[in-house]
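Across the two complexes that follow, subunit A remains constant while its partner is subunit B and subsequently subunit C.
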Partner chain A sequence: MSNQFKNLNRRDFLKKTAAAGALGALGANGLITQAMAAGDTVHFMAWSAAVDLVKSHVAEFQKVTGINVNYSNAPWAQYRDNLITKFVGNAPIDMMWVSDAWLPEWAEAGWIKPVDKFDNLMKYNAEAEKFCNDSMTYKGSQYGLTYYTDFMAFLYDDEALKKAGISNPPKSWDEVTEQCLKIKNAGIAEYPLMLALAQESWLIEFLAAMTYSHGGNFTDDKGNSIMQDPKEGAVRALQWVVDAVHKHKIVSPASVEIGELTGLKAFASGNHAFALEPKYRMRTLNDPKQSKIAGRVKQALMPMGMDGSHATVGWMRFHGMSASAAADKTRAENTARLIEWFGGKANGEYKFQKYLFTDIGAGFGVKPLFNDADVQNAYNSYADVNIIKEQQALARKKDVVTPWFGEWNEVHGSSWQAAILQKATPAEAMAKAGKKWDELKKEMG
Partner chain B sequence: MRSSPKRDIKFRLARRFDYESRSAALFILPVMSVLAIVAVFPILYSFYTSFFNLKLTRPHRVPFVWFDNYIKVLSDELFWASVSRTVSFTVMSVAAILVLSLSIAILLNESFRGRRLLSAIILIPWAIPTVANGLLWKWIYDSGFGALNGLLFQLGIIDSYITWLGDSDKTIPLISNSFVWKEVPLAAILILVTMKSIPEDLYRAAKVDGANVFKRFIHITIPSLKPGFMLVMIYETMMAIRHFDLFFLLTEGGPAEASHVVSWQIYVETFRNLSFGTGSAMSYILALVTFALAYFIIRTLGSKL
Partner chain C sequence: MKPTTFDARSEIYRNKSQTTARLRNLSIFVFSILLLAYVLGPIAWLLSSSFQTEAEIVSVPPHWIPDEPTLKNFEAIFFSEFEEVTYDTRKKADPVSGGYIPSTAKDLLPSMWNSFLVSIAVVMLNLFVGVPAAYAMAKIRFWGRDGTIYTILTTRVIPDIALVVPFFLVIKNLGLLDHIASLIVTYLAVTVPFTVFILVSFFESLPDELDKAARVDGCSRLQTLNKVFLPLSLPSLVAVMLFAFLTSWNEFLLALMFTQTIASQTLPIIVAGFTSDFTISFSFINAAGVIAVIPPVVLAVMFERYIVSGLTAGAVKG
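Up next is the complex of A and B:
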């Protein structure tokens, strides 16, 4: 041991350690501040989906543009909380994936900013589905470009229908009842229609699809609740579900504890003839490795209710820009370039949306991709691309996405379940959901 | 020469706390500091938060609202309905735990072949992590492919599958059953330990006086078990009132509001709605109620047992 260390007494040791620590802290702080201020690194946060694909697309972006990207991800279940905590703590985030359900909340909080001023992003609107553009728009401003999109689809097991002597899938909800009863009476399925109505994030998508196809709405053009209206609201759709469970017994009373994934497995096991499922699940359902009814699952347009249409609900996730990125010209421009690289065209084509579709079956929101030969071949191997295109064009944005959506959604989901459990009538259940909406709108609107 | 006030204080402190005390304080200082940061500060800060309308998604508007959050919570119908469900869950769970754990303790207190093996088997539910326990029961109760329906169907007890957790009348009892299954082993061990400490002489003397097994149980065993019973009752009551995991894993508060208990409401308010002000107020109400209940049990039942 050198003399230098031999002569080091306790007091000196403490002094030097403290000094080194302080210098280190200052240095680290300086480096972080420098990195944050530099603006040549885009901090990109996403949930942990298609991670390898994202990484390779980021790598290509870095190579082409020379802009450094710091990509990180968090599981979907914790993503919203994770990101909100980061926003509140002013963590460096420039671009992030956003769910349409969070847009008003995050925009009102000032965490994300519109991207309208970037012409290189706005030019893609002409080729995007209307509900996609609508879903990224809040108070007249657009907040990003499509990451992926999908809609609720009405699926059926073609063989089960044929066994029951049914040649065409139902066009209306009344026909759904008739065909289900036929299938049930033939002993093919105890509960021919699978509805997954457990209290989870998917629930609103199922309920909105039922409501829209029955010709109903949750709110009017001014955002006032009309869900409790017997004709224009969601009461008719809910009444249909209650009758399906208790009067016709074509939907399982256990549907209130069946989540989307459990429902998918039950349908894939051949326990049902019809199901409401996100469209992208068709790939799984027609895959022999994952489904007993592979090759038999087809899509029909969403059945119509009285005064209804084939409308369904569509949802989307998009690439958004943070407020901190928007505040700095260079960071904002770099972030907009990365948004375009992912949500728009990269090297002249909608590369990322196409990759997502061909790799994991996630839906895209730009119409030209329907004409892509690879996309058509992939779709036609397990679905009918024309029906998908037709149904996607009829998809609608949820009319309840507001800053108070989450709080209302808890009560709304419970209200539907209460009616299905016959603890309330459909009118009472929707009145409760409507009342909650009005209270929250008054408080936060 | 007059001493300075600073030196005065130092001198007084040195006289009051001797070298031993000062050394001890120095040694426990690191632990106390950590506790202050991770426990005391959050507790005090959440109390402070409960007086603000703090919603994380509205970061620029955080008004001080005095007791408004408490008033809002206490005047909410849903909160009182949750309280009622929490009471039902707690009463049925604690009653079942006490009866079952006492029975198991009596059994394990006897000498028979395989007692040690049985003791080990009985401890298994306690050793299973809470999340695994929840998932296990989720599979058992599933209406479509659950083991419970499968068993009852194969035994010919039911002729078609029953809806379990999806039936709002069965939800709380079924969750309580899962809770009891996990909690009974610990309660049984605590009662058994108390049972083992009862002096053998008491039983011998009672036998000499002609007391039969039943009388010995009523007049010696039960009164002697008072400390163990009290411990189990207070501990399990507190666990049941605050219990969250099974409600989260099995039903997420549903179906409808059938399993919407207070702990679930706190979770929804705080972590889903991100209303930290109201969530903190609810947490303090729950903490106060738990504390009051424990005090009530000790003061009333404690003297009678």
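Up next is the complex of A and C:
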């Protein structure tokens, strides 16, 4: 041990340690502050999907506009928490991907701002699907442009239907019952219809599709609950499911424990003849490497309930603008240009949405792409582009996306499950969900 | 007849004892095998599936020994070259075809280096801060000593998630966002209390006479610590070093918040980024997992004999 160390007393030791720490922090601070102080950079945060496509599209944007973009991403599972922390910490973020389910919360918190004032963005609304524009709108203001979208589809195994002597898929939920019974009686499938009704994030999409196709809504135009009204479809839809499970035995009683992915695998294994699945799953279901019923899966329009329609539910994600970007004129304009580059046209075409579809099969929200030859060929390789186009036009936004959506959704999902397990009648179950909605709206609305 | 009866009884008793012992040994053997299968099963599957194709990995029943072993996942990690991503060079991720290898595969080794730097720095600073602190708390009687120990321990009661926003604000104001220094600073806050807790317990278990004798012989406090206590503390030091290393190596939440680019991103962040809502390659992620577990496993094997004794040292005071 050196003399210097030997003679070091506690006070000296503390002084030297503190000085070293301060110098280190200052040095690092200087370096990093210098690095962060880039001029008119647009900070773009996304989740880790289609990373290469995003990078290539950003590179082209930088080349064309000369605006620098700092692109970073986080895994989907932690994306929301990550971004909220950064909003709270006022981290530099200008453009980000937003789920339609988060819009009310983020808008109310003032983390994101509307883009209505940017004509270069609003001009794309005319060519976008209505449910996409609706899903990005909160309290009358639009908050971005579409990143990707999809909808709940009614799928069937064509071969199973043919075996049972059925030539056309069902057009109504009554016909679904009839055809299921025929298939069941022919011994083709014990439970011909696959419904995945486990309490998970997919559940609301299934329930909304059922409710909309039965001619119902969960709320009215003012956001008041009407889900408990027997005339508004939700009760009728739930009654149909309860009958399907207990009276006709065409849906498994275990459906309340089946998640979307498990249901997909069961359908892909040939255990069912019909299924409600997100449209993009058709690609998997018609892939011989992943599905035993590949080449047999087709899509029909969502069956109609009594007084219903072929409506289904659609969901989407969009490119949004942060409040800090909106507060600065130059930053806001640069951010709007980047939003347009991704959600609108880049060099005269909907390049990002098209490539997103052709690369990874993610749905687009702009109607003209249905006329694109590459898109048509891609869709027709595993589905019927015309049915997809027709069904997508009938998709509607979830009318329950509010700041209290998460809390209500728990009660709502449990209510459906309670009715399916015969612990409550459909009317009682929906009354409970409606009451919870009213309470939360009163508290937070 | 009596002795005969006695012998017979003894024989029966011996047989019973032997049978019981055999049954006990058999039970221990069977449960050991089950425990081994339970513990090693996931690791065996991780290793096996990292050499499988995507189609094989999802086949039913699973193939524990790959039919068509492939090295393409490891090739992507070790031999990917930097290439500017353009429309022409982008990787098209098709969730249907499977076998997708993300372009960020090349980031795995740099992120591993970042993890290594952070972990080593945290270990060194833990010792630098924790050892003198623990020694002082264990052997120097000063006002507020107990309160200090409890305060340090109390900081570990707060869940990490509750600290994220305050940490973020501090790191942002220090200008350390997207820099590995942000991780070193915050990981220290997480690991130092544990280090102090383990070492205080251990130092307290050593007799005060050792401290006094060293002082009488003319040692300063630092010399006493360095020449008397540290040589006796190897198992505890190894335990806290391993704890600090593994905590830093595996930490995800804070790294996710404070890092943005490969300049600072650590292994868990890069590995988590290999999944998305559209694409996932199980075999590739498992290959990344195999590489990620190598350093901790090597360390654990190297210091295995110290780990248990270090963690339990000072736990029971005689």
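Please note the rule applied: the second predicted complex is superposed on the first by the 405 of 445 C-alpha atoms of A that agree within 3 Å, B and C clash if a C-alpha of one lies under 4 Å from a C-alpha of the other, contacts with A are read in each partner's own complex, and residues count from 1 in each chain.
Going forward, contacts are C-beta pairs under 8 Å (C-beta built on N, C-alpha and C of every residue); 3 or more make two chains touch, one makes a residue touch a chain.
Quantities reported herein were computed from a predicted structural model and do not represent experimental measurements.
J.: Using the touch definition from the top, say if A:74 reaches subunit B (first), subunit C (second), both or neither.
T.: A:74 sits against subunit C, while subunit B stays out of touch.
J.: Looking at A:49, would you say it contacts subunit B, subunit C, both, or neither? Reply first, second, both or neither.
T.: second
J.: State whether A:359 touches subunit B only (first), subunit C only (second), both chains, or neither.
T.: After superposition on chain A, A:359 lies in contact with subunit C alone.
J.: Applying the touch criterion given at the start, work out whether A:88 contacts subunit B, subunit C, both or neither, answering first, second, both or neither.
T.: After superposition on chain A, A:88 lies in contact with both partners, subunit B and subunit C.
J.: Tell me which partner A:377 touches in the superposition: subunit B (first), subunit C (second), both or neither.
T.: A:377: touches no partner chain.
J.: Figure out whether A:386 sits in contact with subunit B (first) or subunit C (second), or with both, or with neither.
T.: A:386: touches no partner chain.
J.: I'd like to know which partner A:141 touches here: subunit B for first, subunit C for second, both or neither.
T.: neither
J.: Is subunit A touched at more residues by subunit B or by subunit C?
T.: C
J.: List the residues of subunit A that touch subunit B in one complex and subunit C in the other.
T.: Subunit A residues touching both partners: 88.
J.: Which residues of subunit C touch subunit A in the complex?
T.: The contact residues of subunit C facing subunit A are 55, 58, 84-87, 89-98, 102-104, 164-165, 168-169, 172, 174-179, 181, 220-223, 226, 252-253, 256-257, 260-261, 269, 272-279.
J.: Along subunit A, where are the residues that touch subunit B in the complex?
T.: Subunit A reaches subunit B through residues 81, 84, 88, 105-106, 108-110, 190, 198-200, 252-258, 262, 266, 271, 403, 406-407, 410, 413-415, 417-418, 420-421, 423, 444.
J.: Which stretch or stretches of subunit B touch subunit A in the complex?
T.: Touch list, subunit B to subunit A: 56-60, 142-144, 160, 163-168, 251-258, 260, 268, 271-274.
J.: State the interface residues of subunit A toward subunit C in the complex, per the touch definition above.
T.: Going by the criterion above, the answer is residues 1, 5-6, 8-10, 13, 24-25, 28-33, 35-36, 47-53, 55-57, 59-60, 70, 72-78, 82, 85-86, 88-91, 283-284, 287, 289-290, 355, 358-362.
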